[in-house]
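Reading through the structure tokens given below for one structure.
Note that the chains are named A, B, C, D, E, F, G and H in the order they appear, and that numbering of residues resets to 1 at the start of each chain.
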Amino acid sequence: MSKEGRTDPRAVLEAYRAGRLSLEDAVSAVDGCYFQDIGHTTLDHDRHRRTGTGEVIYGGHKTPEQIRDAFVALAARGNGVLATRVGLEAAALVLEAVPGAEHHPNARIVMLRGEREPAAHTIAVVTAGTSDLPVAEEAALTCEFLGNTVKRISDVGVAGIHRILSRAEELRRARVVIVVAGMEGALPSVVGGLVDKPVIAVPTSVGYGAAFGGIAALLGMLNSCASGVSVVNIDNGFGAGFLASRINRL
Amino acid sequence: MSKEGRTDPRAVLEAYRAGRLSLEDAVSAVDGCYFQDIGHTTLDHDRHRRTGTGEVIYGGHKTPEQIRDAFVALAARGNGVLATRVGLEAAALVLEAVPGAEHHPNARIVMLRGEREPAAHTIAVVTAGTSDLPVAEEAALTCEFLGNTVKRISDVGVAGIHRILSRAEELRRARVVIVVAGMEGALPSVVGGLVDKPVIAVPTSVGYGAAFGGIAALLGMLNSCASGVSVVNIDNGFGAGFLASRINRL
Amino acid sequence: MSKEGRTDPRAVLEAYRAGRLSLEDAVSAVDGCYFQDIGHTTLDHDRHRRTGTGEVIYGGHKTPEQIRDAFVALAARGNGVLATRVGLEAAALVLEAVPGAEHHPNARIVMLRGEREPAAHTIAVVTAGTSDLPVAEEAALTCEFLGNTVKRISDVGVAGIHRILSRAEELRRARVVIVVAGMEGALPSVVGGLVDKPVIAVPTSVGYGAAFGGIAALLGMLNSCASGVSVVNIDNGFGAGFLASRINRL
Amino acid sequence: MSKEGRTDPRAVLEAYRAGRLSLEDAVSAVDGCYFQDIGHTTLDHDRHRRTGTGEVIYGGHKTPEQIRDAFVALAARGNGVLATRVGLEAAALVLEAVPGAEHHPNARIVMLRGEREPAAHTIAVVTAGTSDLPVAEEAALTCEFLGNTVKRISDVGVAGIHRILSRAEELRRARVVIVVAGMEGALPSVVGGLVDKPVIAVPTSVGYGAAFGGIAALLGMLNSCASGVSVVNIDNGFGAGFLASRINRL
Amino acid sequence: MSKEGRTDPRAVLEAYRAGRLSLEDAVSAVDGCYFQDIGHTTLDHDRHRRTGTGEVIYGGHKTPEQIRDAFVALAARGNGVLATRVGLEAAALVLEAVPGAEHHPNARIVMLRGEREPAAHTIAVVTAGTSDLPVAEEAALTCEFLGNTVKRISDVGVAGIHRILSRAEELRRARVVIVVAGMEGALPSVVGGLVDKPVIAVPTSVGYGAAFGGIAALLGMLNSCASGVSVVNIDNGFGAGFLASRINRL
Amino acid sequence: MSKEGRTDPRAVLEAYRAGRLSLEDAVSAVDGCYFQDIGHTTLDHDRHRRTGTGEVIYGGHKTPEQIRDAFVALAARGNGVLATRVGLEAAALVLEAVPGAEHHPNARIVMLRGEREPAAHTIAVVTAGTSDLPVAEEAALTCEFLGNTVKRISDVGVAGIHRILSRAEELRRARVVIVVAGMEGALPSVVGGLVDKPVIAVPTSVGYGAAFGGIAALLGMLNSCASGVSVVNIDNGFGAGFLASRINRL
Amino acid sequence: MSKEGRTDPRAVLEAYRAGRLSLEDAVSAVDGCYFQDIGHTTLDHDRHRRTGTGEVIYGGHKTPEQIRDAFVALAARGNGVLATRVGLEAAALVLEAVPGAEHHPNARIVMLRGEREPAAHTIAVVTAGTSDLPVAEEAALTCEFLGNTVKRISDVGVAGIHRILSRAEELRRARVVIVVAGMEGALPSVVGGLVDKPVIAVPTSVGYGAAFGGIAALLGMLNSCASGVSVVNIDNGFGAGFLASRINRL
Amino acid sequence: MSKEGRTDPRAVLEAYRAGRLSLEDAVSAVDGCYFQDIGHTTLDHDRHRRTGTGEVIYGGHKTPEQIRDAFVALAARGNGVLATRVGLEAAALVLEAVPGAEHHPNARIVMLRGEREPAAHTIAVVTAGTSDLPVAEEAALTCEFLGNTVKRISDVGVAGIHRILSRAEELRRARVVIVVAGMEGALPSVVGGLVDKPVIAVPTSVGYGAAFGGIAALLGMLNSCASGVSVVNIDNGFGAGFLASRINRL
């Protein structure tokens, strides 16, 4: 088994040509290179090869035991492991089972750092308000887990526009900018007009009344009048961090 | 009273023609063949004849006592009984009252298996992710309660497309395929393009943010670009299982 | 009949006390002070006294003839008349019937200017983009009709934030600021953070896709993180202008 | 540092011209006049100058400790402090830390009154029903915190129309009217037709069923057939009070 | 065939008892008493007996020819005929084919008046604005077709509240009140607080922006704080008129 | 003070004409006939005269103490009192304070029956499923409080259509029919096609997934293809009962 | 090339094993078995094998020329061709280019019938109203194109419930039932309670006001209280017909 | 004026220090470096410096003359010009006024190519269906205008999953992948699972019924279970192309 934990399908095909495998067995063996069904979960052994990163555990809608088991299984393969949306009970189970795992309760992340070559560039993570920090931390920790350096710029929403303007140089030094905002979600439009780098906008569910749990921010960001802005799901700090890392490491 | 627990209306009509019943009494007696009002509930004695299956207890919005009473009443008629959306308290009441009843807490089902002729074909129940399992189990147990054999294929969502592709032959051996998915609900479209059997799509409320409690998955499935796919209500595993059984036993 | 076109109800009460009117007649005469039913319309003769302004004709959902008739009737009372949402056909009918009426096709306004004491202060009307101009003109012309001086500041949306910043002094010289914006509707938040005057935000239906005909801008403005901002209906330039004038003339 | 707690940027520019500051240092010093980054929060020292009021603490989505810290920091600058959406736990923390702070649990407000010149005019705060009182109190206390006199008129909804009519004179004596209503949100339309002053409508989440948490009231107010009405976010008593004060003190 | 155009099922049952009909033929003959399949339409011959009124033609989504054919067929049975949502082309076809039919283009109604005993009481049809008149006329003409006297009260919306107040006595003389309003739909709440009769609220699609084609008015009416108000579909003047007549003739 | 607890305004007018009251005092005294401001609530003393019924306490969004106080105050005027949406704590407070008050926990109603002349006709209250009973009981108890006889017909939803058909004669004997249904809300359409009486449809929040808390049932009822059906708010049993009584007692 | 118009991939694999193809060429040749890129379209040659039916042309959002070209290309392969959502202009182009093609303008279908073995069972296509016929015809013609016999039952909506009841036997003789309905979409619930066969519900955009272009019917069907019902997209007659055929031919 | 068409603000600051400019003039001159107000439009001369690209003309909601004028003005500055959402009439005006401009009617783009250094990498533009081509072309032409090479892969939607799988190598050779899809919008999830590059998803308004003009696709993409996917507005091909170029040229 290779480092990524899978058999190379080319070896299967060669064994088949050499007659060491029947046609049916060859098909079955090729299948086996790609995934493994371990009961409630089908492990995607091939994801690292295809997408450059192993599986990440999404803890939402899962029991603490399911999260712990998945974390242990992935840690056993010798790489770093990242789990998001982890509640306190599940975090305790993982920390008990996996030495070296660290818990970031504000961001609801548990992770075991692996070895990665550091990226040459920086990712900026910007928040409109203090209440957006948990989502921003999910993004920032995801970036760091994936080997990136992060510059955090917090509480610079548009109602005091000089705050973000005074940070323009810091923004421009980053290669990718993640902007996290709730309420009207206007900050990405302003940032998008200030930098020449990709901007990833993360709407948060911060707000009340007609904020509708993040819909107002989401719509604001999708309709941004600035170019170079794209959007991920409401409160999806992980998605923004993952994508930022992918761009940053191109 | 017949095995299905109702009087045959033909007997009433014959008694009427023979003059043993007045016109008014005949109308009343015919009514009596079809249902029975027992206070808070009107039992539909005729459903088995009309639709091939007796009444199923939907436990949502009902008190534990109402669920228990209905279960006991239906069990007394000598057939199997199926109750869905049953909470822990109600389940305990039923198990205490009805020997032989079994509880599946993950699927929130309590059931008393009856005698049914086994179906000749298999139903496949496919899930996109581990979090969709409770709904899928509601579907699978419903199928089994109705006398079908079920093939479960779990955690084969579209982000690792080779997982479902490698199971294509298993899918094709089934006569009906139930696909359970949350988030973007894309799996039924892929399955619908792989098989020549009816596909029943079940959107789940798994997801967050703009998943909107299953609306994203529901819309995705209704707009499936694959033909041969139809949809049931969000989280409605029972409905999918019931329909799959009806098709499978045609 | 007074200048506002209505009888004074005090005169009625005095006539009644003096016995010149019966109880029933007094009630009826008081009614008559307030409105007049002229078939398809009930003219609100009392509105000027109660709210400081006469009736304005909303041309939407009305036939050209209905608009023309209402305009003529109000013009006959010797004051200025304002009609909004007037199509080309209706405008032509009014211009033919009322000498001195002027037509602003971009703003869809027809108006006959009346005599009003000029307001001491200025109202600023700011637009995010060129496409917002028709709604902004409806607001600005309404302000001018009501006797206010208007400062127009156009095409200063947040994607080029220095544009609005460089106009900050002009904004601060106004007593009320109307901000008109479509798409994500972020401009009022920035303006609200720059001035210490009331800001009236007008969402426009400018945009496409998830702009949803102005919903995105409306939600953005309702959730503005800046204080001192309130919102009127989508594309409701008239409402903003009317309110701005009311504040400006306090 | 001036009373408002910030350096005057003109001083910086003069120092720069005199050669006491390099170009880079001047830019940096100007920045410093406007805000201060203290970790999780960027204090907007310039807001008082720009908008006439210091920062207000929005307690929603914040931890009790964050609220307490922010309150203490702002109180230390010698002005009044206003915090909204403050829960019981956070309120206790603030009251313990800041002598003189007062807690209004119904309105979820904690505030430390500062010195302000009293406004010459009155603001009316009108509610449709008893259930709307908490939001109305948030508005009224905000007005009072900002130095205004408030006239409260409660429980005068449109189903008993004579209640509001009989208060028309009181309404007309106010310079600004705030109308707070849930359910169908019709009261602002009636009030808007009775007075010649600006009306600020606050939809509340009071209601059930198709009230949809305030959407019905919000839409009703946005579509008001009365002129001179504008709207703030659902349950946003603070926003209405702040804006009313801004208008009242023009 | 009786005047209502159907066979009496009692006659069938008697023929069956007398042995003149077999069991199967009796069932079939009873069916025949109730409806008739004439190709694209299944005529409901029994509706008059069950509900007191014959079928009404809903012209929406139908071709002019389908409307004409249905109108002719119903007119041939010797009663009055009512068709709603009839466009100009279909109206011309009907008028040509059915002498005595009358066309009301504003209300989009074509009808052939039948003989009905006049109702003892009056129905009031109230509109908030001139733009609501077409829907109100659909309601009023439906009432008149069904034999009721109608009192029309127009353009008395809540922004000039004295208009409706001055008509309170007229309202109270009616036995049922239909209130037709667009925009915020507040008028039914005020009327419901003035009378002790049933109020039927009809939301119209009049309005713009956040009126959302009548949704704002619909929600306003459903959430009316006045008791005694119920609601029909947006723009459904016919439904309101039909129900009002049913109540009025009790 | 009259039995309804208010002064007759005619007496005031006569005193004014006789010179016993000044003009200002007369206006004030007329006001006093209509309502009374008792702090957090404005009692509408005139509602009984205008609408035939006294005020009803809506307990939602109110504190237990507010409900108790209002109940005591209204009971003190010697009539019956009805309070809806009353929680257990508030109910206990009322029962302790008001002898004779009765509590219906399933319907969340507390009421003190008053003296009313019994209505000559019956109201039918029909439910689609057992889960709809609490809302139906709110409707039925409201009817009974207002002096009507109620016929309850339960659990006769459309999936077993013979259940409602067999009750058709009972339905037709009622003068008004209330139909309570959740899920798809189809029962009112079927009932509306069976009877010639007014049908009041009450959507309930019973259901799951795409039932969206009663929206599916609400839309179904608003779009009913049967004539003679109108709709009240989701779960608004009281509103349906109140309106039914108003019709029944015409 | 086989009758289905594709190369058999087993032949490729055998050629590869025999050394007649290199590894890279084999991969490429296998690809070629499955599809063909012809510019704006990628023909899915393998769909017939996978799903039992060839590609169907969805004419929506396509130009007349694109539809004609696709139709000609598929017809050239010697099988039947089905195109849906075809406008008049595109239909004329196809009829001119393909002899034997037939046009059904009401259903917006153009098709060239192919040879298929007739199915042993019947599919029932039921409509609630005359206005639903175009969608029902799309379903029925799709069934017939795929070799099924169709029983049409039209205009039997729930407001005259005896219409559908009298057709119960015909319904029960079908193996699959398609129910097409707009407005409240209640008919599938009634049908689902009458038969023991799969019911496919098709919501239509027929209706007005709160029908919201089919949303009311869609939600009604998704929440059907009858078991055995599944739903396809609004107005998706083709999807229902395709699925019904797939079930009917199992 | 520099090539980007603006004055360098450093020159202004130096002139100010040298005393050649007063404080007020310096502020004004700095302003002038950044933008220019030419009536209906405020040109953002500084955008090229800040964001790496000049202004792009969004033709939606603009008159043909406004589009032509803006195009001419930008072309006069000697760079390439891109205009999107250009109708036929506006395109003709531009082509007549600007030699060398080219019109792509399917993509609704008019552009004048400028000189740009070619990017070293390729951008893939993938479409799910033929109907998505116009939006995809808007994206592809935007990429090309900005100096990138584009690989188009068309009509490879998930219902025939082998189509996209067979193109996996081509996908992996791109540095950025744009995926354009309507209906259920599932294709980005599959692509995101196949590549290790950033994926930009563009929902299109292609579809019908519950596609709701692109909402279904938008929600599907926002909830993608694949990591590395972000989303732009519905039909926003330009936004995707602009962002892809920004990433590709990092």
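Everything that follows uses one rule, which is that a contact is a pair of C-beta atoms (placed from the backbone, for glycine too) under 8 Å apart; a residue touches a chain by one contact, two chains touch by 3 or more.
Please read all numbers here as calculations on a predicted model, not as lab measurements.
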* To do: Would you identify the chain whose Cα-based centre sits farthest away from the centre of chain F?
  => H
* Structure fact -> chain F onto chain H, same sequence, C-alpha superposition: rotation to the nearest 5 degrees is 180
* Asked: How far is the middle of chain A from the middle of chain D, if each middle is the mean of its Cα atoms, in Å?
  -> 38
* How far is the middle of chain B from the middle of chain D, if each middle is the mean of its Cα atoms, in Å? -> 53
* Asked: So, what's the distance in Å between the C-alpha centres of chain E and chain B?
  -> 41
* Going by the touch rule set out above, which residues of chain D reach two or more other chains? -> 47, 159-160, 192-194, 209-211, 215, 218, 222-223, 227, 233-234
* Structure fact -> Per the touch rule above, chain H residues touching chain C in the complex are 31, 34-35, 37, 39-42, 44, 46-47, 60-62, 66, 85, 203, 205, 214-215, 218, 233-236
* Which bits of chain F are touching chain B when the two form their complex? -> 130-131, 133, 154-156, 159-160, 162-163, 166, 182, 206-211
* chain D residues touching chain E - in the complex, by the definition given at the top -> 128-129, 157-161, 165, 183-186, 189-190, 192-194, 207, 209-212, 215-217, 219-227
* Touching residues (chain side chain D, partner chain C) in the complex -> 47, 50-53, 56, 175, 192-198, 200, 218, 222-223, 227-234, 238-240, 242-243, 246-247, 250
